[in-house]
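I've put the structures underneath this note.
What follows is a pair of complexes built around chain A, which joins chain B in one and chain C in the other.
Here is the complex of A and B:
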C-alpha cells in the first residue's frame, strides 16, 4: 500500500484529468476535426467528450472491484505472463503519449521561436527537469498538474482579442453534415481526450478514491467545455480553407492579441505553455515508469533513465512534420481501441468474474 | 468561554500541590525543599527564568529557615510587604507564571504563600536590528538562553508552555531549548524536532543557524526551511499558532518550524498594521521576489533572441542605450550583477558607517561611470539595481540571499534558449519548491496541497476576526484559536 504521506485528496483528480487532456491537444485539434465535420465540428467535440465518460465509468468500476492498479488487475485476471504482456501494451502507450507531448512542444519551439535550434541539448535539458520532477514521486507530479492548470488558466483570457474579429454566423447552418462525417470527427477528437487512462496507475495514491469519480467526470466535462469554446471561436475566426493550412490554429489566435507592452504575444504564450505541457510529459512518463516498476520489480531510477533516453532518441529521430503527425495519428487510433474496446472488455470480464466468485457484492452499487 | 483553552487546562487541578506538579514538566521550573528543625520543611517553587534570583537569596531564604512551622509564621517572619495567602490552585499557577515565588509546607499541600519576585531587567534588552519594526514592541533576543526563555514566557504565562532542554555538541555542550504548548502544538512536530536535534553529531554548535542547517529536511536547497527570527514576540505568536520554537544558548535568534514559503514573506509588522495595508505590503514583497528573480533573465532573453516582443516605441530607447555597448546582453548582465553582489558583500563585511558609504559611492560612481564608459546600457543598470532592491524586501535574510542566488542560473539559461530557458528554470524551481518540506510538512503549503482555509494569512492577511482557526499546516491539536461567535459579537453601543 502507498505511504500515507504520499497520498493526495480526491479533488486533485479533477486537475490531473483536465491537465492531461488540455495540454497539447488544444493547440492543433481543430484541423483534423473540421476536415470531416466542417462547421459542425463543435458538436463532434461535445460528442467526443460525452463518449469519453464511458471509459472513465468503466475504469472506476474496474478499479473499485479489484482495489488494485492496472498492473495488479491484469495479473489477477490474466495471470503473470498474459497479464504482463497486456500491461506492457499500456506502458508503451503511456510512454508514447509522453513522447508525443514532448515532440509537439519541441516542434512548436522549433517552428515559432528557434528555427535553427539543436534538438539534442534542448532534449537533455528537458530530460533533466523531467527526471527531477518524476523522481520526486506522484505528489510532485500532482502538484505540477495542479499548478499547471492554475498558471496557464489566465491564458484563456486572451480569447477576448480574437472574439472581436470572429464571424459567428459561420456556425450556421447547424448540423448539415452526415452522421458518418460526425462520427469520423468524433473519432478524430478522441486523441485530444486521451491521457486520463493514467488514472489506472495513480489509483492507489488517491485517498479516498471513491469520491474521485465525480471529480473525474467534472474534469472531463470541463475539458469538453474548454475545447468546444475554442472550437466555436476557431469556426468563427478562420474559414474552413484557412484551417487546412494551419497546424496550430490556437497559436494563431495569439497573433491578434494587442497589449501595449508586448508586441508579439505568441512568444509569451508559447513560453507559458511550458507549464501546461511538461506536467503532461511528467504524468504520462510517470505512469509508464510506475507500471514498469510494478511489473518487473525494478528500481524506478533505472527505468526513468531508460525512458528518458528513449525520449531523447525519439526526439532526435523524428524530425519532420510528417513523422510527428503519423505518430500522433497512430496514438489516436491506438487510444481509440484501448479506451473504447479494451477498457469496456476488461470491465465485462471483471463483471463476469465478480459474479462468478460473488466477491463483488457491492460492485453494482458503484 | 467554556471551551476556552485556559479554563480547560486548570479544571483538573484539585489542590495547590497538583498545580505545582503540572508546572514541573518545564525545564526552567525549580522546586526547593528546605528542611526545618521542627517540621517536615518548606517547599519553595518558582520559574527561574521569570524571577529575580537575588530577591530569593537576599530577602526570602535567610528568613524562612528559622523556626516557622505554619505559613502564617512564614508571612510573619518575612520582611516583605506584598504577599498573597491562597488555597486556589489556579491562582498559584497564574502567579507563578508571572514571576512569583510560592512557599508551602511540605506536608500540607492546600495552601501557599505567593511572593512577588519578578525580575526587573526588562529594559536592558537589545533592540531588534535585523527585523526592526516601526510599530510594535522593540525587544530582541539576546545571547543568554535564560533571558530569552524569560522573554518568551513573559508573553505566554500559561502552564501549558513546555520547555525541553537538550545539550548538543560534543565540545560546546550548547544548551538547546525546544518550546511548545501542550494541547496546541502537534506532538509529532515536537518529537521530530527533538529527534533531529538529538541526532546532531557535531563538536561545536556556535549559533542556532548551525542547528537550522543540520535539522533541515533538504540540505541541498538555498531556501531557509525554518523561520529565523530575533523577535521574542514573533516566537510567542508562532507558539500560539501551534508551531515549535527552538532557541539555543549563545544565539540571539530563534527558529520556528514548520514553516512555509509564504510565511517567509510575512514580516512580523504585518500583524501590527491594519490588514489592508499589511496585505498590500505583503503582496509587494511577493511581487518584489518574482521581479528580482525574473527581470534580468527576461532582459537577457528578450534582447538576445526575442526583440520582436518589444513594442516599437520602446525598442528605440533600448537600441539607443545599447548602441555603444560592445558586449552581448549576457556578458553585460553578468558584469553588472557581479558588481552589485560585490557591493553588497563589501557593505556587509565593513563596519556599518563605512559600509553605507561604500554602498552609495559604489552604486553611484561605478554605475554612472560604467554607463558613460559604454560598458553597460543604462536600461540594464536600472533593471539590475531594481532587482537587487527587490531582493532586499524579503523579511527573512536567508530568503533574500536565496533569491539573489537563484537568479544566476536563470540568467545563464536565458542566454542559452531565451524565454524557453527562463520557463524551464522556473519550472525547475517549481519542482524544487514542491519537493521541499519543513519538519516533514509541505513547504509551499496553502498553494499545494491546496488548503483554502490557510489563505486567510498567506498572500493577504485578513482581519483578526477571520483568523479563528490555526493553520492546517501545523496540524495543531486544537484547531480553534478563539470562539468565532464571541469575537464577531461586537455589542454595538446604542445611539440615543
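Here is the complex of A and C:
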C-alpha cells in the first residue's frame, strides 16, 4: 500500500476526473461532432457522457475486487509476460495522451499567440515544470488538478458575450439525424472524455477508495454538462456550414468578448489555459511513469527523464496540423476500444475469476 | 538545493525571454492599422482593387493624426507587403476595427475578401464591415471634422456600434456577416456609410444576395428592416397619419413568426409587438382617446410598409430577414433548393400590435 502521507481524500477524484477530461478538447471538439450530428450534436455530447459511465463503473469493480492498480491486476490475471504487454499498451496510451495534450496547446500558441515561436525552448520550459510537478509525487499532481479546475472555472463566464449573437432556434428541429449519424457523433465525442483511465493507476492513493465512486460519476457528469453547454452555444452561434471552417470555435467565442481593459480576450484566455493543460500532461504522464516503474521496478526519475525527452522529441517532429490531427484521431479510436471493449472485457474476466475462486474456496471449505 | 532551484529559474527565464524567437511588438515601434478600405481597380482585372489602410499617429499635444497607405493588388495580404514599403514601421492589423468596401467591390462577390480577416487570428469577430456609398477610401482618409483626439477607425467603429445599440442598424459585424453567408436560409447585409459635412454617417443598410450587393434600404425601410429582423430596444419611428405627423420613441419591439405549414405556399405571418413612447404629435387639438387611435393607425402603417418591404425583398429574391432559417427550424423536410424556388411566391404578412405606454407630460 501507498504511504499514508501520499494519499488523497476521495473527493479529489472529482477534480482529477473533471480536469483530465476538459483540456484543449474544449476548444475544438465541436467541429468533428457537428460534422456528423449537426444541430443534434448536443445530444451526442450527452450520450457520450452517459456511455462513459459504463467504463467507470467497470473500472471501479475491477479495482475493488483486486485491490491493486492496473499493473497488479494484469499481473494477477494474465501472468508476468502477457500482463506486462497489456500494461505496456496502457502506458503508451497515457504517454500519447500527454503528448496530444501538449501538442494541441503548442499548436494553439503557435497559431494564435506567437506565430514565429520556436517550439524547442517552450517544450523545455514545459518539461521543467512537468518534471517539477511529477517528481513531487501524486499529491502535488492532485493539487494541480484541483487548482486547474478552480482557476479556469471562471472562464465559463465568458460565454455571456457570444450569447448575444446566438440564434438558439438553430437547435430545432430536435433529433432529425439518423441513429447512425448520432452514433458516429457519440463516438467522435469519446476523445474528449478520455483520460479518466488514469484512475487505474492512482487507485491505491485514494483513501478510502470505496467513497470515490460517486465523485468519479459526478466528475464525469459535470464534464458532460460543461461540454453540452458549450455545444448548445456553438450550435446557436455558428451555422453548420460555418463551423466546418473553424478549427477552435471556442476561441472564436472569445474573439467576441469585449471588456474595456482587454482588447483581445484570447490572449488572457489561452494563457489561463496553461493552468488547464499542465495538470493534464502531469497526470497522464505520471500514470505512464508510475506504470512503467511498477512494471519494471525502475527508479521513476530515469523514466521521467526518458518520457519528457520523448515529449520534446514529438513536439519537434510533429508540426503540421494533419499530423497532430491524425495523432488525435488515432488516440480517439484507440481510446474507444480500450474503454468500451477492453475494460468491460477485463471486468468480465475478473467477474468470472472471482466467481471461480469463490466456488473453489467454497468447494474446499466444504 | 537553493543553487539548483535558482539555476532552473535562470534557465527558464533565459529560454522564455531570449530563445523563443518571438517578434516583439512595442507599440511605439509599429503601425497599428485601424481601418482599411477597398476600392475596385479595373486595371488589375476583374477582382483587382486598391486597398487603403490608415494608422493613427499620436502626437505630443494629445491630438491624433491619421496617415494612410495604399496599394493596388488582387490579394488583401499582398497589399500589406506593398504598404510596408511606404511605412516607417512594420504594419500590424491587431487593432483593425473597420473594413469598408466600395459598392463596386460589393457588387462582385464580397466574401472572398473577408477570408483574410477570418484567417488572421489577430482580427476578431467584432470587426465592423461596411459598404461605402461612393468612394471607400475617402471615408477613412477624411478625418472627422472637429474630432482631434480620435482616429478615423475607432470613430467609425464607435459610430456604427452606437447605431446598433440605439439606432437603425441591426447587429452587424464580421461574425454576423459570416454567419448569414453560411446560413442556408438567410442572406447577408451590411451598413452603408457615406460622408456628410466631413464626417462619416450611416446612410442605410446594404442588402446582399449571398455576398453580392443588390439593394440599399432608404429612409423608413431601414427601421422596419431592423424591427422585422430582431428584437429592438431603442428605435424611433415616425409616420404621417391622416395628415398629422407622429413620432414614437424608445420602441421596444419583439418579432415572432407564425408558420402554419412550413415548406408550403401557406402564408407566413410575422408578428410585431411594439411598445413605445409618444414623443411628438403635430395635431394641437387631439381628441380624447387619441392614443388608441394613433395605435391603430400606426399598426396599419407598420403593416403596410413592412409588407411592402418584404415584397420588395421577395422581388429581388433575397432573404435578408432570414425567413428561410425560420422555416428550416420548423420543419423536418427542409430542402434548400425547393425553398429558394418557392420563396418569392409565398405570401408574407405582417401583423403589428402597437401599444403606446406613455405620451409625455401634456395631454
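Quick note on the criterion: the second predicted complex is superposed on the first by the 358 of 366 C-alpha atoms of A that agree within 3 Å, B and C clash if a C-alpha of one lies under 4 Å from a C-alpha of the other, contacts with A are read in each partner's own complex, and residues count from 1 in each chain.
By our rule, contacts are C-beta pairs under 8 Å (C-beta built on N, C-alpha and C of every residue); 3 or more make two chains touch, one makes a residue touch a chain.
Owing to the predicted nature of the structure, the values given are computational and were not obtained by experimental measurement.
By the touch criterion stated above, A:117 is placed in contact with chain B and with chain C alike.
Shared-chain residue A:125: touches chain B and chain C both.
Look at A:344: by the touch rule set out above, it reaches neither chain B nor chain C.
Shared-chain residue A:239: touches chain C; no touch with chain B.
Touch criterion met: A:165 reaches chain C, while chain B stays clear of it.
When both complexes are overlaid on chain A, the residue A:274 reaches chain B alone and has no touch with chain C. In the superposed model, A:252 lies in contact with chain C only, and not with chain B.
By the touch criterion stated above, A:84 is placed in contact with neither chain B nor chain C. Residue contacts after overlaying the shared chain place A:263 against chain B and chain C alike.
Touching of chain A by both chain B and chain C, each in its own complex, is seen for residues 114, 117, 122, 125, 132, 263-264. Contact residues of chain C toward chain A in the complex are 8, 11-12, 15-16, 19-23, 94-95, 118, 121-122, 124-126, 171, 175-176, 178-179, 181-184, 325-326, 329-332. Residue ranges on chain A touching chain B, taken from their complex, read 5, 8-9, 109, 113-114, 117, 122, 125-126, 129, 132-133, 136, 139-140, 143-144, 146-147, 260-264, 267-268, 270-272, 274-275, 278. Put simply, chain B touches chain A in their complex at residues 305-306, 308-312, 314, 413, 417-420, 422-424, 426-428, 430-432, 434-435, 440, 447-450. Note for the complex: chain A touches chain C at residues 111-112, 114, 116-118, 120-122, 124-125, 128, 132, 164-165, 167, 169-173, 176, 237-242, 245, 252, 255-256, 258, 263-264, 266.
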